[in-house]
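Next, two complexes with chain A in common: one pairs it with chain B, the other with chain C.
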Partner chain A sequence: MLKKLALSVTLACLTAAASAQEPKTGGVINAVIQPEPPGLMLALIQNGPTQMVSGNIFEGLLRYGPKLEPLPGLAESWTISEDAKVYTFKLKPGVTWHDGKPFTSADVLFSIEMLKQTHARARGNLGQLEKVEAPDDLTVVFTLKQPFGPFIGIFEVGSLPMVPKHLYEGTDFKTNPNNNTPVGTGPFMFKEWQKGSFIRLVKNPNYHVKGKPYLDEIYWQIIPDAAARAVAYETGKVDVLPGGSVENFDVPRLSKLANTCVTGAGWEFFSPLAWLWLNNRAGPTSNKKIRQAIMYAIDRNFAKDVIWNGLGKVATGPSASTIKFYTDDVPKYPYDPAKAKALLKEAGYNGEKVRLMPLPYGETWQRWGEAVKQNLMDAGMNIETIATDVPGSNQRIGDWDYDISFTYLYQYGDPALGVGRNYVSSQIMKGQQFNNVEGYSNPEIDKLFAEGANATPDSKRKEIYEKAQKILVEDVPVAWMLELQFPTITRCKVKNLITTAIGVNDGFRDAWVDK
Partner chain B sequence: MRQFARQMLRNPSGLIGLIIVVMAILVAVVGPLIFPNSPWRMVQRPFLPPFTLSAVPLGTDALGRDVFAGIIHGARVSLLVGLVSTLAALAVGVPLGAIAGYFGGRVDDALMRFTEFFQTIPSFALAIVLVAILQPSIYSIVAAIAIVSWPPVARLVRGEVLSLRTREYVQAAIVTGQTNRWIIWHEILPNALSPVIVLASLMIATAILLESSLSFLGLGDPNLISWGYMVGAGRTVIRQAWWITVFPGLAILLSVLGLNLVGEGLNDALNPRLARQGR
Partner chain C sequence: MLSFVAQRIVKGVIVLLAIIVLNFFLIRLAPGDPAVVMAGEAGASDQVFVKQLREKFGLDRPLPEQLFIYVKGILSFDLGFSFRQQAPVSKLILERLPATLLLTMTAFAISLVLGILFGTLAARWAGTWLDTAITAMALVFYATPLFWIALMAILLFSVTLDWLPSFGYETIGARHTGFARVLDIGAHLIMPAMTIGLFFMATYTRMTRASMLEVKRLDFVKTARAKGLSDRVIQRRHVLRNALLPVVTLAGLHTGTLVGGAVLTETVFAWPGIGRLMYEALIQRDYNLLLGVFVVCSAMVLIFNLVTDLVYRMVDPRIQYSA
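What follows is the complex of A and B.
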């Protein structure tokens, strides 16, 4: 009794022109990578730039379209059992590693074991896994302890990259020499890395999708200064500026240049959501009315239009609109200083000092901190800005030593993977910045997120998560600001770069250059 | 005193400097009373060029904040930091130098080695480190500037005291059995004062520059607007909006220039040898 899932590979072509044209083979692309990654072994290092470069070297079992629908990757088909506990993947035949060895189910089993040791998020995602088996070379069967809806969403390359067993088995993973010359199955092969200058990838001639990739080489240029990166684009040194590589105020200027295309797509899997941690434990922010007042006091449209140059979207609640089971049927908090003042008065706020900690990530965040401070002061709050550096900010957030603090986190497509962690009480642990830092504790929310992770079918999960969103938005455990958008700026001759939910991270497979 | 004033006024560059400084002080003292609106308030659309709206004569910055209001309110912070940190540096440097110069010998050696210890560290680097460790605030900035700027004061005062100590009137005071403290305070320091005053006026200028540099690097007090902060915040958008950096930059330039001219003028007026030449 297996339920076949339809496998329609509809890669959305984002530029209308691109879809109309026949891809051309050949060409070299220069892209910016910012900052320089600490290493390229995706199974060991998962920070942003590593994922961006190595997502084109390694591959996962699945890829994800802009709506987070699973697409074939190294697995060409998959089935999910009726009880939602057994996932069977059929691997694509004829896939080889960059060194010529065949890719088989043994590699998948090994990768799972290795990632459980080296990849914190993968370890969490695999927490519901009872066993994984390989009945033959091209079949892998995952059996779960209980149904876990988000499971189909964990096979993205950065979340569960496939590692060559023949190079890593029995070695010390951290010191394996292959970490410096990563070997994957992906469309591009690692060629050379001039530290502080560039990383060069070359076409994999034996790639398992016939005719792809189209490009011959990719140079990831390392340019430490934001202004210099913008200039490098203007002078034609680079053709691709991935999201976040130039300051926001440069985006409109660069967008207006001739032959320049800009898109906000390609971040759906991450869905970065910015909010203010509000300390629910102590101080004025422990009062729900004051937290609601903060929501009313802040002009989030101003932040979007002025500070982020119109990029992004005002957040309605704990889930970004791009992730599963999102609903906007929640209490609304429009910009309303009068209402904020009334709520502050009602709550008995009498000018106690409230500390605000901006995110020390550069100009945009600094300006945003100043704007929010002004909004809150206009509503009658007594705000003092605390200036910190990155380690200082991490430490203060981890030690809960703040009243209001900026942050933004990725959501990974499913509320069970990227939302619940910030609101359930079991995630209140000192010393971390990505869990329930605000100290919000509500047994009903705990129950809903626990049920939601394991409920089947999806309609049931939807019901549960929509209820959870309503409760959270009413309680305002944190003040949601914006769904961030990191625009990718490219020369228009670069076609089809962004086709999936992780954008540039695995986009060069399909990209081509129009000459 | 009257002669000193006449000397000062006779020197045209000193006079110009004095006018600039007095104006800056006036702006710092009275300005925020005349323009009470917070310079942090977003009042107009962002990146409004200067001289287009009379309400915001110098335009607006990246968030739509009034650049003119920023300069008026920033004057208070910049001048206050300059003045207070210079006073603090004098409070450390003058006694240390006087003690070292007066007592000489081992005391002198010990104090001067201590002073050299501070002089060997690049002052701006030390100031950055201090502010970063202490967390940026107006107090840590004043403290950091004072800590890096007292050694030249100590050395100058020591040199003056060293030469004055051998004068006959000082020797006479020692012979008549005056206490050391009385001699330093009443006989020596008043006569060593004029070079210190000149140095102090230049130090205020340096301190303003130091504060601006720290704020430019993002190490300013985040709750107070200062000229250096404005330049630093506008620097990244200088290609789109020159006025955000240029006007506060001009304010820094003018006040530092003014203080330097005043220092020169004071030097001329207070130096008896130059004065006699009737410059």
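What follows is the complex of A and C.
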């Protein structure tokens, strides 16, 4: 059954890619959004649901294909200087904001300055920026302090959304009334939000891509319970369940419903990778041999096949296989309880209590926590499960108050953006959940990631990151589990929904309904 | 009676303030704060970002100062600003309150009417098969978890029979008006209202039955019977009226808690009410919003307690008001 599901996902992907029907205009899509976004102003709020809805309203300079290749967005072309320090973007002419005002390079300059204040990830990504200039209305020139390999990858809508200067300049960004009725350049315009029920977007008739969008309206329906979301799909009330909308154990059942298509595409940019934080500072997990024993003790194929219903891939190391410079030429840790026991013995482990904190993200994660606990106990470890809610879990991770803790993080396409932060010692800072939480410190790794970010050309970066992956996998600072796959479930009449590496977060501009 | 009401209101305000202070500290005892949650959701949590958030929300100030600012706001009917939803708390609560009141009051009416009816029937025919059937039914609904009833109802009435909508307040996108809209909301209301109502119905059934059987044994019932009154009149005027006193007490208490007590039902049925708002505020540590919901719920409990006291006198004229 699991193989069948995996096959159907693959087939669905292929079918989607091969679909070459003539798009039809008109129609409405009902999609699920969960949880309800706190607001839709993407420059101020960057959580998942905000990005998913606002990806239709706002746009970035670039989009990215499934192989993370840059595609035109609000910029129609771009050039990179030979020394890889100057990036020149030519903006698309004739683009207007939803209120009819033209989109120009002044908006780009303003957006950069605003995002440096309001968007934590953008602030990090723009750390290497020396200056940004606008020689004319349709040209923007970014000059970097030094070459920064992943720079061309930071322009998607969630990472660097464009903001209308004429509505935000000189205002208090947080209380600007336009936050409640966001104005972007995207294919859909904000129309209505009934709190607790739905968000309604309508077609932008002046969208800059001729003939698009095809749909008239999108209703994002807010349904807080995972089982109720599954029923809403089952009873025909919604047509699109974005990845992660339903519990994983419901995916096989829903996939078998008539007129249902499933795809795992659209996560290439995020590449969610799940692992266990292992506290490198104190307790049994500070011992490298015990950390290696943990890798051998956990049956990750079981987790993939049973808990995640065959979706996803067993992780080989700190990089997901979908991001740049990935290598699987690293030490391997197959499921081997005997080896785990031997390593524990060798390390002198004598039954000290180890606290395991599962992710409080619903049933699937709870079950995974139980399976890992069982694996570790079978190998002879004394495991105590700590139950928390989301804020409690964030707090404990930020305070380093754990021994083993589940997490999954996005990798944003490039090791300099989404991998290095978890292993370099400059990122050991209390009170945070996405940095070097485990407290691993290795000068060689620090050096490699510092070099990798600024090295040119890509072949040099590849060499550096491959070396870093080998060292990390040998040291096991954290226990890598799975490359997660969150399948998007749709009615088959919904076509072309996912066309880029950020999937449904990139808006429904290409989607159409086959009536 | 006026002085009774005035004194109860003054006492109510003092209790409300005590509740606010207690809740203010209680919420902050839970691990994590809104800045940590929001940084987590943003997928980036550099120290500058978290510090900015804490400063913005006033979380960097000493606790007594935060409490002082909050209470000062409450005294001018300002429930504060929601950190996460970026809107005034009173606006958020007022948006959701009508849906919750519709749901809980419908549930309350269903439970009270059916509960008293079934309780009376069971007591009237105590020891017969009807009594056994009603008692068993009450026990089942009393003991079954709400969420399970909700899920089973969805499975039966939405998925299998396709009679009722499984979620929401009305059909999204249908834009019904007038009577068609009333019918549409009604169809959406049935399952969540019954889910909440069945539990309380079971409670009132059991309470009415027990209370009536107890009152039946009292001397004044014998006197009434000796006077030659018909059984129907005795049951209605003498037994039921006296037996209702504990039911009224219980119902009064329930009415207040119903406002905030529909968390599970509102979540399962995606009903856009205040219970869901409270749950979301709790998991996001949205302190002001959570406190605001608590204040409104506490105020409701106090108001309904006062109303209960007034209803008491209508049910039993022997009761005298004294502050």
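Assume the second predicted complex is superposed on the first by the 497 of 515 C-alpha atoms of A that agree within 3 Å, B and C clash if a C-alpha of one lies under 4 Å from a C-alpha of the other, contacts with A are read in each partner's own complex, and residues count from 1 in each chain.
In this section, contacts are C-beta pairs under 8 Å (C-beta built on N, C-alpha and C of every residue); 3 or more make two chains touch, one makes a residue touch a chain.
The structure presented is a predicted model; accordingly, all values stated were derived computationally and were not measured.
Per the definitions stated earlier, placing chain B and chain C onto a shared chain A by superposition produces no clash, and the two fit side by side. In the superposed model, A:Glu247 lies in contact with chain B only, and not with chain C.
In the superposition on chain A, contact is made by A:Pro224 with chain C only, not with chain B.
In the overlay built on the shared chain, the residue A:Leu257 is in contact with neither chain B nor chain C. Within the superposed three-chain model, A:Lys237 lies in touch with chain C and out of touch with chain B [touch as defined at top].
Within the superposed three-chain model, A:Asn47 lies in touch with chain C and out of touch with chain B [touch as defined at top]. In the superposed model, A:Pro391 lies in contact with chain C only, and not with chain B.
Counting the residues of chain A that each partner touches, chain B and chain C differ, and the larger count belongs to C. Contact with chain C, but none with chain B, is seen for A:Pro38 once the two complexes are overlaid on the shared chain. For the pair chain B and chain C, the least inter-chain C-alpha distance in the overlaid model is 7 Å. Under the contact criterion defined above, the residues of chain A that touch both chain B in one complex and chain C in the other are 227, 388-389, 392.
The residues of chain A lying in touch with chain C in their complex are 28, 30, 35-36, 38-39, 45-48, 120-121, 123-124, 174, 179, 194-198, 200, 217, 219, 221-225, 227-228, 231-232, 234-235, 237, 388-396, 398, 409-410, 429, 431-435. Only residues 38, 40-42, 46, 62-64, 132, 135-137, 218-219, 221-223, 233, 236-237, 239-240 of chain B touch chain A when the two sit together in their complex.
By the touch rule above, chain C contacts chain A in their complex via residues 30-33, 36-50, 56, 84-86, 92, 95-96, 99, 151, 154-155, 158-159, 162, 165-169, 172-173, 267-273, 276-277, 279-280, 283-285. Chain A meets chain B in the complex at residues 226-227, 247, 249, 253, 302, 306-307, 358, 363, 366-367, 369-371, 373-374, 377-378, 384-389, 392.
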